[in-house]
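Both complexes below contain chain A, partnered by chain B and then by chain C.
Showing the complex of A and B:
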């Protein structure tokens, strides 16, 4: 059976997990970290940096470093979120050929799914390193509010990364899956997810039969840990300005160090009461003098600096419960997700609001990936113990007379579902109706997103209001939306399947997948060559270490002199081979080195 | 024995390449990189803007092997005249030579720089802001190649600073954990045994 990995493709960090022996486990990356920054950069020399390395140069190379690509994935160029992102980030966001969003890095333009694919590819490699086998199937998570286009773009990113994304599931659902894994519980749970870049609150019903249903979800896509870091940075910059009359904001290197230090201090304060921030030689002044930054940040300081941010999350929680018509007393447990929930003040305020201590049984950074792995396993395992009941994140409906929007399937309806409404003609002798399929929450059609359209013809000529047409919306378990319109009198029917578009054509996705594969082939070849060189170095060093002892033993014999001369020759060839990096030369000399080493060892035995 | 000099690290996916050599004429005049572009005559002192070093001074430094000095002079010329082809070519040549020198001194770039003094001791050293920034990128896990990438500085400048940090014994270069290739041909990162298993 193929292994299926679960990937939490986050706005700021990503995480990968897999089921092992019936238990989900998170896989650490090569640095030993269980999460990888969702950051992609291209250096001046065209080299791609993904993850931690990309993050540590994100400010000094801001124009060529993509952060929070998830905020752009599947979005239309003219959407307000894209406009916000353009004002927020220094990398160049440009319009794509299909009204989509593209990113200009150095001399190349990338689609957003391509950027996300680079992160997915990194997570795939992490999993493959751990499992010792190639991985091709994945379950990827996305926010519950993602629309069809955003979900399709996430799937496309998987295809580009060489992954078959067998299911895209909602993040709170994944978190609840991990929370409920192996437990027979029946309760209403709130998932409070404060990540690096976004905040989400979701209410889920977990059934004892393994049924998970999202009841309601809301959030803020521009509120997260980075806002907390920004407050610390502001505080440091202002303190430094007061002390030295030097503005650190003018120096990118100083700002990069501040960002790293602010994040570290924030994390330290989850456990400690205070954190020392020491940044020696943070900036050189015009007088050729270097200045140091030394500050102590206490937990109380941090709480004061960020109190309003925490309050914003609580306000959203209150609004969500109100919208869902659920009393806070009805919530039976609170699951914390996202690194920011380690902050003591966040936990305190959440406990205060929900009037109960949040659950500490799941790891906030890992829980979503773990849930995705559980779902992946359930999808390929025949006797699946888990049934996911997701909801529609947006209201679906059609445009009606007067440019108004008539909802047919309301937001937060559990899928799969089918709903029908009856409409009548609005003009005398009207023989056709145009069905404009839309999604959104605005009462006016123009405020919502057009998903597709079709025309039902052949209606009986009659006074307005006499001919009735049933419009049915159907959403299957995979989230595919089908819309049909039926003339009740004649039985004549027309329908469409709404196809989500990521902003890329099939050909584009295919080409990007090929490019991505080529990149990986090149990368593997480079890494394989580096490993070979390292092996040659090791063998050569061992031969050189043993050479004096061998020389002492074989001294005077013709055979010995000859063997030593040959060994020296092999070492010289090895140096050349390592310098040129020629695979053929490396392969040849590696075998010679091994033979020489065996011979040396035999002499010494 | 140390074999190889300018290999990149496994994680980077590209071999660090040095820009092509710019040929020099016997008199120290620079040939252009593009054969279709005629070589400019060496500009004498009269041809320069007041205060700008002459191209001949750059060529002299190059002849002496003083690439840092030549780079400074070429940069000074380009500050005044950004389109000065000979100065631009000289600057590229100097940068290439300096990259070679410093990367050669550092050795294989898949080695891992490690800071070997305490943060308190760093305060007693005499560092400038850029070198301190480079030092702050060294976390004991990133390779030379990765640290140079993270610095965002020109390769010759970052290489010089890192050499300086090694010479001042603030930093040591350590051999990374052994890479082993797997039969499946997958990427092996050499750190797979650590954590999370």
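Showing the complex of A and C:
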């Protein structure tokens, strides 16, 4: 059976896990870290950098380093969130051909799913290194409050990365899976997930039968650690301005250093009461003079700067309890997920709101990937150890006369589900109706996300209101939405599968997948060449080390000097090959080096 | 060369370094190699080396074990096994090419059997629990059944038609659970169910009557009684088309648990009642006071037992046959009381159906409440608002809304509803008049303003 990996594709960090012997485990990357920064960069030479190294070089290459791509995925160019992101990040965000968002790095324009695909690919490699085999299937997580366009874009990223994404599941749901897996508990839990870019709250009923039922969910897909950092940066910039009359925002490198320092100070304050922010030579004022930034950020400062952000999350929690008709007293445990929940104030406010101490048993950075791995395992396993009953987080419906939105499947409905409503024509002799499939909570159609559209034609000519059309929405267990419209008189039917508009056409995704595969082939070749070079260097060094001893033994014999001369020749060729890096030459020389070393060793014995 | 690390000696701010050096210094952590520092800094390798040498000469950094040993090789995290030569696509083919699992014969039987079970439409029946079950028992049952019938339990199976069957079962399970697991909804549902039982009694009387009629031709005697089609809740063909899910949803078809033994009874009753009504219409005019009194006596007994649905049916039967004058008063009293009770039950059914989003069923029940009930404004308003929400039979909606206004002319919300109906029908002048009248009443001003505005816009648009 193929292994299914679970990937937590986070805003700031990503994590991959797999089931091993019935237990989910997180896989560390080559650097030994269990999470990998969700950062992609392209260097001056066109080299692609993903993860830690991408993060490290961000300071000097901010324009070509994509951070927090997840905040843009599946969004429309004209959305307010994209406008905010443009002000927040230094890479070039441009409009795509379908009103979507693209990113300009060096001389190429990338779609957001392509960027996410690079991160997924990196996580795939981390898993493959660990498992020692190719991985093709994955469960990928996304924020519970993502809409269908954002989910589809996440799926597309998987396709581009060469992964068969067998399911996209919600992050808090995944966290609850990891929390309750194998524990045989019956509990109503709240999962409070404040990550790098998004906030989600989900209420779940966990049954000892191995059933995890999501009761209700809510969130904000543009509220997370990034916004906390931004508050600290603002504060630093302002105080520097007051002190030195210099605007650090004008200097990209200074801003990137501030960003790093803000993030670090924020993390420090989870444990310490105060943090020193010390950035010597933050900016040069010309004339060989430079200014230093030195500030102390206390926990109280930070809490003041971000109080409203924390309050927003609490308000959303209250709202979702209300929607679900659940009293806060009924919640039996609170699970904290996401790096931001390390902040003392967040823990305090959550404990105060839910009137209980949050559970300490789960690792906030790893629990989502673990849950994804469990779900992957449960799906392909013949006897599923768990069944996940998820819900649709947004209301689905159609646009009706007057630009209003008429809901058909309301939010928090357990999937799979199907609902029908009857509509009538609005004009005399109307022979066609246009069905605009939308998602959202606004009463006005324009306030919601358009998922797709189609037209039902061939209606009988009749006075308005006389011809009736049944519109049926279906969501299957995969979360795929199907919509059909039926003329009740003629029985004529039109239907579509809503492939939400991720911003990419099917052909684009296919082409990107091919490009990405080509890149991986090239990268693998480069990697194996690099490994060869390293091996050559090792062999050469060993030969050089042994050479004097061998020389001593074989000295005088014709045969010996000839052999030594030959060995030196091989060494010279090897160095040349290592320098030029031609794969064929390297392969040849590696063999000769091995032979030489064997010969040397034989002589010495 | 091993990665440089900081010495921790010296104060950088006091030393002659520039921002580029300072930045480089900030990136040195003992793990980052010189090559990586080149990448990170975005500067050329010689520049970085020069800067590093400068930092080293200032004793800010050092290169541990310079020249002592070779660089450690290999990746610490990876197991280092070579990747197999098979491409992912090939593997996928191989995996997909194998036979997909199928449901066993027993599993198919079980699915088919459960499909029959959920057809009853009764939420308790669907979950296989008793109506007296505790909250925990409902969850237990739902979770156990979910494990069995959620399509994910058969992920990767070649399910064929069973995929849709499983989804249908699961949808019914979760619908039942959504109602029964919430105390308020469950209470409303229980009330609804009791109402169904009561109204089922009404239908049962008709069934008895019909049974009588079917035997008539053979017996060759005049028919004992007739019931007009219009007084039968199930027999009344719904003038408006019933949408597909409405007939699927349990509520619409739900037979009363006691009175309606088989699920197919409902539609059979609808059809035959219509056919019979035509035949029986003739006989209805004959007065047979003896039979009338018989039915009245039965009705009185049922009234004592609180079976108001049954009383209603019996009273109607007695009315058709007529009773002797001395029984008239009793019959009228009983009839009035039965109407109040039955209409109340229909009204509650309608409210429940509306609450769970089954508007077609809600409309049907509201219509019945209006037809049978005491002539009160709340019934008419509910009926009108449901018709309006479903945007159908706007004439009916107008009549109902007008009736409510006539009954309680001082209530602004009724006039506002009427205005909305007019707006929906595009009768701007009438809409404006109704809204203006509402505006004069307490509590209607704000909404009336919005409606007036809409009416004005409509008029302008027309012009």
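Throughout what follows, the second predicted complex is superposed on the first by the 453 of 605 C-alpha atoms of A that agree within 3 Å, B and C clash if a C-alpha of one lies under 4 Å from a C-alpha of the other, contacts with A are read in each partner's own complex, and residues count from 1 in each chain.
Here is the rule we go by: a contact is a pair of C-beta atoms (placed from the backbone, for glycine too) under 8 Å apart; a residue touches a chain by one contact, two chains touch by 3 or more.
For clarity, every value in this text was computed on a predicted model and none was experimentally measured.
Chemist: Have a look at where A:536 lands relative to chain B and chain C in the superposition and call it first, second, both or neither.
Modeler: A:536 contacts chain B only, not chain C.
Chemist: If we overlay the two complexes on their shared chain A, which of chain B and chain C does A:544 touch? Say first, second, both or neither.
Modeler: In the superposed model, A:544 contacts chain B only, not chain C.
Chemist: Answer with first, second, both or neither: which of chain B and chain C does A:349 touch in the superposed model?
Modeler: neither
Chemist: If we overlay the two complexes on their shared chain A, which of chain B and chain C does A:526 touch? Say first, second, both or neither.
Modeler: Touch status of A:526: first partner only.
Chemist: Answer with first, second, both or neither: which of chain B and chain C does A:151 touch in the superposed model?
Modeler: In the superposition, A:151 contacts neither chain B nor chain C.
Chemist: Once the structures are superposed on A, label A:266 by its partner contacts, choosing first (chain B), second (chain C), both or neither.
Modeler: Once the two structures are laid over each other on A, A:266 reaches no partner at all.
Chemist: Does the superposition put A:70 against chain B (first), chain C (second), both, or neither?
Modeler: In the superposition, A:70 touches no partner, neither chain B nor chain C.
Chemist: Contact-wise, after the overlay, does A:295 reach chain B, chain C, both or neither (first, second, both, neither)?
Modeler: Neither: A:295 stays clear of chain B and chain C.
Chemist: Scan A:571 for contacts with chain B and chain C and give back first, second, both or neither.
Modeler: first
Chemist: Under the contact definition given at the top, report the residues of chain A touching chain B in one complex and chain C in the other.
Modeler: 27-28, 30-32, 43, 49, 53, 56-57, 60-61, 128-130, 132-134, 253, 257, 279-284, 290, 292, 524, 534, 538, 541
Chemist: Can you name the residues of chain A that touch chain C in the complex?
Modeler: 2, 27-32, 43-44, 49, 53, 56-57, 59-61, 126, 128-136, 162, 164, 205, 207, 209-211, 213, 253, 257, 279-284, 290, 292, 325, 378-380, 382, 384, 387-389, 410, 414, 416-424, 465, 468, 470, 472, 476-477, 486, 488, 524, 534, 538, 541
Chemist: If you look only at chain B, which of its residues touch chain A in the complex?
Modeler: Residue positions touching the partner: 1-5, 7-17, 108, 110, 119, 122-123, 126-133, 136-137, 141-142, 146, 149-152, 155, 176, 178-182, 184-192, 194-197.
Chemist: Note which residues of chain C are touching chain A in the complex, please.
Modeler: Touch residues, chain C against chain A: 12-13, 17-19, 21-23, 26-27, 31-32, 36, 39-43, 70, 73, 75-84, 86-88, 91-92, 95, 101, 139-140, 143-144, 146-147, 150-153, 155-156, 167, 170-171, 174, 178, 182, 184, 241, 243-246, 357, 359-360, 390-392, 394.
Chemist: Residues of chain A touching chain B in their complex?
Modeler: Those in contact with chain B are residues 25-28, 30-32, 34, 43, 45-49, 53, 56-57, 60-61, 125, 128-130, 132-134, 251-254, 256-257, 260, 278-284, 290, 292, 519, 522-524, 526-538, 540-541, 544, 571, 574-575, 578-579, 581.
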